[in-house]
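Each of the two complexes below includes chain A, the first together with chain B, the second together with chain C.
Presenting the complex of A and B:
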């Protein structure tokens, strides 16, 4: 009956107000009927004990204090049977605030309640409560401190910003694909080339931003008339980052080791016979047959020069001759480059330290750019770059050329895709413009296997710029399929390319009667199913390699494409002695490949890079394949 | 003591089972690490030589026993891919994950215990319902979405109130303690809110049960207020149950924060495991999974022991009748 009447008892003490009444609540709780007698006894005995409280001047003990509290409850309970209890109830909650309501009819106890009962103090009464309160307060204070008392805003160099325009000592760059280790001789993946070539390791020759061969460790070269002998004159006074001298002996040793041990990309060094140092500054490479791609191949891994005397774990360390050295490498996460103090070449690092951060997630990368954790993001998904494009005072958005080809391979020996009519129908049914538009509109239509910046490129985009669903449907009908009797095909591709492309292709091909089952798998699974076992109908890959036409002349490649004319043209191009002749032959070969439709080239992916205003010298073209950083600076207010 | 020995024996047997399971599961996964390392455009000869150099051409049983032998000697092996000792890599990753879990658990406990307590003790039905709803909503929030929301609210650069960094961990780790801690703030809060809601529900049900028990009545009869009775006695009695829940929560967080680590780009254990699996770094993945399993079992073991220490009834079950 008294349930909920918490009001009547008050000692004018903050923490005590519910104490006594709860005993009443429990005591009269109908659900605990069998306990009622027990509760009553407890309450009563507490009251009795309270009567035997120590007198004035005697020390209060915890027990005594608790008993006192019980006393109040007991008395209240007693009172509940009296008129006072009723009157208290009538007063309700008002009495809570008043703090002067007699707790007992017993004058002695009342007096104690008013004057002698010490204020219940959470700080003094209980050690545990104290700890709890302290802990919570400390945490709140810590959070407030963390939130508001932050270190002053700093520039990328770690010095307080905002005084004057200055060049940062550190620039942070956000990238996407991370290397798992630094072993550039064994580990595949363009992410290693991107970071290490031109920054940490240098090649005999290098590539400029238009994919043309330029001098690097060799300052000049001469090719014999029969195109079998390449003689390079090396720079002098070069050293590795460990202090060892670099000369033609190191270059010859590096190339010979590559071939001997079959390191990564060794197969690119075709018709190789030998490499030898004629003297400290002259390197000669001898071929058994002309190979027009040799110089270009030497700009990549096969041309890198390693220290033949150094012994180190190439997976975790890198000793090269480039403008930077690796200071710290956290696999799949970040890589810190610092300027190589021993570097004496023309590409001396302009920024003391460059930190590369790897982000799997596009949103994570954008957050990092916006919050100033990184100053450059390459690449950014074009469709997400809008806000940066509009904020031109703070950001520069640049689109660069690349050799990335999004290839929709159609298994030329597949049970269904071996029929060229089906392959052509697919090419005709795909709305390439819509795909490019949905990605932000900067990618380029291709129509053929060679990308701009590569020899033999010609714009075959017109070949795929018109979507002809009716003709495609007709071709498919000739092959025996239509919308009533759809052709079931399986598209398998790696999850790094997202799901949108698969969805778009599925809905576009449905129009002509192709039921496309899209399987987005891990890259390793793709490698096994498609690349190694060639067990697929359709596959989608971003072939970002440059000078990679050999794929179409290789019968064993996963495309299963074989055309003797193409092979012949490619072979001729590779033994051509002039660039013009080579380009012309490759162009012809590309046209043949395109007309055979062993694949559809969805688009040439162009890389969008976002930089904070003040960043300069960052490469825009092909920066996912090669990213020389020596020229990068960040000037901020 | 007998109990501890029994549990230890079970621990070892389970670990052995785990090692077989993990090893076998990874061998049937599609994908070949040697092929991945050699990359596209590589020759079959090159793939074969990489496979040989990694020992992948040895019989499977030999590979297993070799690995197990190493484990018995505390050698978790070297990653075939990164060339680093797996134990050291896991240690580096743990230096991100465990502080994250500790902070997340702290946030979860503050939220779960305080709100759970209020949800039980409040006299206003509206307040109780509100807390109940909070627990339901909190528990239903997907971690990814909750994290994104916090980023939009509190991250530097993107957030409405820019307080904490939303991405990454300082390259030099805990040598920059302020930056390291602040980069864990948002992820920990995300974890805390979601797991706090779970803990809140447990706290609420444990306390509600106690509230109607004789114990609280007895305590209050001794002079405590309802709240004091609950805080001093009730919580103590609910402790074994809450310790179990918190222990399990802690263990599940080790892999549970995987999504959070990916969202906030934190190089922790979960993030690393996903990457290693993607790279088919078999020895690394199997050792990491083994360590995780051992850790789960160990936490379970510790929770059981603590449980018995906290609750004397469990020590002598036969006497309880």
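Presenting the complex of A and C:
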């Protein structure tokens, strides 16, 4: 090692060698890691000092002594000495011996150092600097390549793809909204309905992918002529996942408990009088007044059948009669379902285990899909699905119907928005097609309050497909505002919907002389200001419920909308005895609501789902509300 | 006057100084220009032309609403400039007030303020911002106050030792015994001594204010929706980084370049005003930053 006093000349030589040999090490032995990086930094700082300090008149000896430390470090490093000399063998050998001989004793070295030191320049284009550049370029290229190379896709069970065709034992699905707990009787949130109904718990009746009522635990039903008595014939031989038998007694007990204890959604069971088991396989529900939505309501939480003998913690466990049971629940992270071995119904699980992963962040979800951690992602933002759409050999992108309505509510009792001319002007000025296009072009124009999968739907999209800025401006002028005297309105909505819609609305309404102030707030603030206090001009909400026309017949709802004709039509529809009559009445009511313009229906959101090729049986329609998984399989090569 | 010229020349002489002066100059110029002109109106959106690539019409492409990214970044530069200036002024005022307290002749007062600063400095800036966002909502004031408090405390902590040395020095004592007031000593003896450190710290806080604006706006507690800012441009496009990475790069690049320029400018200015490091100042006898110059 270097010891003793060294003059400036010996430092110059040593430093040059030190630099050269290290570059070789970078190329030959990348595992050098931290040690190497440290030494390179030392080399750089030494170089800087060598260039900068002499001018300030600092004694050269001091400089040399300081840099000795770094030089010594270089020699301590094995790779530095053993790998050197690939292209500088002569210098390398000199340096090896030099470690033990005082440098000043070598006149040849002194001469060269004296010659080289004054013109020393890190970036000078001699062959050693080229090595520098080469090494940096190699590293940059390697980093770029690494950034773009993705690991080979793996199947759901962790096997590399491209091996042999077989059906996976486990399918992983990426979802967005996670349930807080599993207590489906008390905990609100559609994410619970989505994963538990039809998979773990079953209802007396169920819904198909078109939102129509189909048999489930009951194989058939009869409705009395006055529509007050519903008599269900239950399947036989059914059991819960804990082995208990399931019969009409359990069903009657479940419905009565719901009403008695006021569990979640109990209020949907209108005009309810009683539920009783006539025998082991016959359930009768009696109403005080006709209620045409009863069967549909029983497809949701109010119709679920629980085991009246079982005692378990409903927040973390679930004992139902469905094709799956809950194996593990990690709040906000994942829910693992395994096939229910006691299930004897028609919807036997085709895949042994299904894991639901929850991703708050869209990019995390997409990365999980790309890396093969999940095989299905529902939903994906339409604008983000482009790369998957183009890669049709590996992915399927499907767009399904949903009941989500993006409603721009206009406070019917607001100081300015109570004027129907202003509300109509706003509807006319909004370019609905452009909004849909900016979101990826799959959403549907609505024009009215009822979504395609709900009773009473009629395509009112034509009402909003044409934007008429001139007529809108004229209406607004009649109301006393124009571009010179703009109308200031406040749009308040929750930050979960992003800022894009607000920006677009502000830009579009500006055309007719409305100065829209957009306030994107926390959900709780929105609840307080808009939903509870009804203190707003405009508000934007995604109303994702199905069969929710009642909001337009509810005077107390935050829309502040009250039209006796609509209320009357809705009441008639609810007491209609046939589906056709109900649909007709709701259709009429929807037209009245649409012409009153208490809100603008920006679009009907359609759900985009991406699946890896080989996944089949995953529900595409309404999969954010109901997601029966029994039919899901994943066949990978 | 001569001193100012020397300092300016010293800053311009270094490569870092030149780079930072040019960048900051462009920043200010663009901010002023955006008040009167942007290539496209900020309020024009086009649903049929979203996430467009750079073209002659949209120099840096469009965002998710079809608005022109270049225009929004131009307009955003003035918001960020205002935030950086206000936050720096606020932190300078708070910091200097606290320095005055720590360097005070009253021992009790001085000790108390040190404990106070140490206690407050442990509260993260982001937490201050989140708390402020409750009454204020998302607004520029949240960013300015949060950064001002955070950096003001930091400033006081960093400058305190030098301020104490200056306040307890012989010339400060003689000034006091000659009848000078506390405020006079603070302004004429303490401030010139801590100026180099102060400059570096303030340039850092200007840079951090720009960063904080981006971060807080991303979290939804910074600049409100509809006010153009670099953080707003980042926040609206970062979700789509996988599909439209180019749109995220522009605001990110801008923030990086400006913050680097601010930090470099602070360093260069420090070197330029400090007679210890700037030989030009010494040679020309324009030493005004130290106590020597003031006591003449």
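Just so it is clear, the second predicted complex is superposed on the first by the 477 of 637 C-alpha atoms of A that agree within 3 Å, B and C clash if a C-alpha of one lies under 4 Å from a C-alpha of the other, contacts with A are read in each partner's own complex, and residues count from 1 in each chain.
Note that a residue touches a chain if its C-beta (ideal position, glycine included) is under 8 Å from a C-beta of that chain, and two chains touch if they have at least 3 such contacts.
Being a predicted model, the structure only gives us computed values, none of them experimental.
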item	value
Contacts of A:617 with chain B and chain C, given as first, second, both or neither	neither
First, second, both or neither for A:461, with chain B first and chain C second	neither
Which superposed partner A:486 touches (first chain B, second chain C, both, neither)	neither
First (chain B), second (chain C), both or neither touched by A:181	first
Partner chain(s) touched by A:368 [first = chain B, second = chain C, both, neither]	first
Touching partner for A:215 - first (chain B), second (chain C), both, neither	neither
Contacts on chain A seen with chain B and repeated with chain C across the two complexes	363, 367, 522
Residues of chain C defined as touching chain A within the complex	43-48, 50-51, 64-67, 137-138, 220, 224-226, 232, 235-236, 239-243
Chain C-facing residues of chain A, complex	362-363, 366-367, 381, 383-384, 386-387, 431, 433-438, 495, 498-500, 502-504, 506-508, 510, 517-522
Interface residues, chain A side, partner chain B - complex	4, 6, 15-16, 18-19, 22-23, 25-27, 29, 31-32, 35, 39, 42-43, 46, 66-70, 73, 126, 128-129, 136, 139, 146-147, 150-151, 180-181, 183, 186-189, 262, 264-267, 313, 315-316, 328, 330-334, 336, 355, 357, 359-361, 363-365, 367-373, 522-525, 527-529, 531-532, 545, 548, 551
Contact set on chain B toward chain A in their complex	30-33, 35-43, 45-46, 49-50, 81-84, 89, 92, 106, 110, 123, 148, 151, 155-158, 162-169, 171-172, 178, 181-182, 185, 212, 214, 216-218, 220-229, 231-232, 262-265, 267, 271-272, 275, 278-281
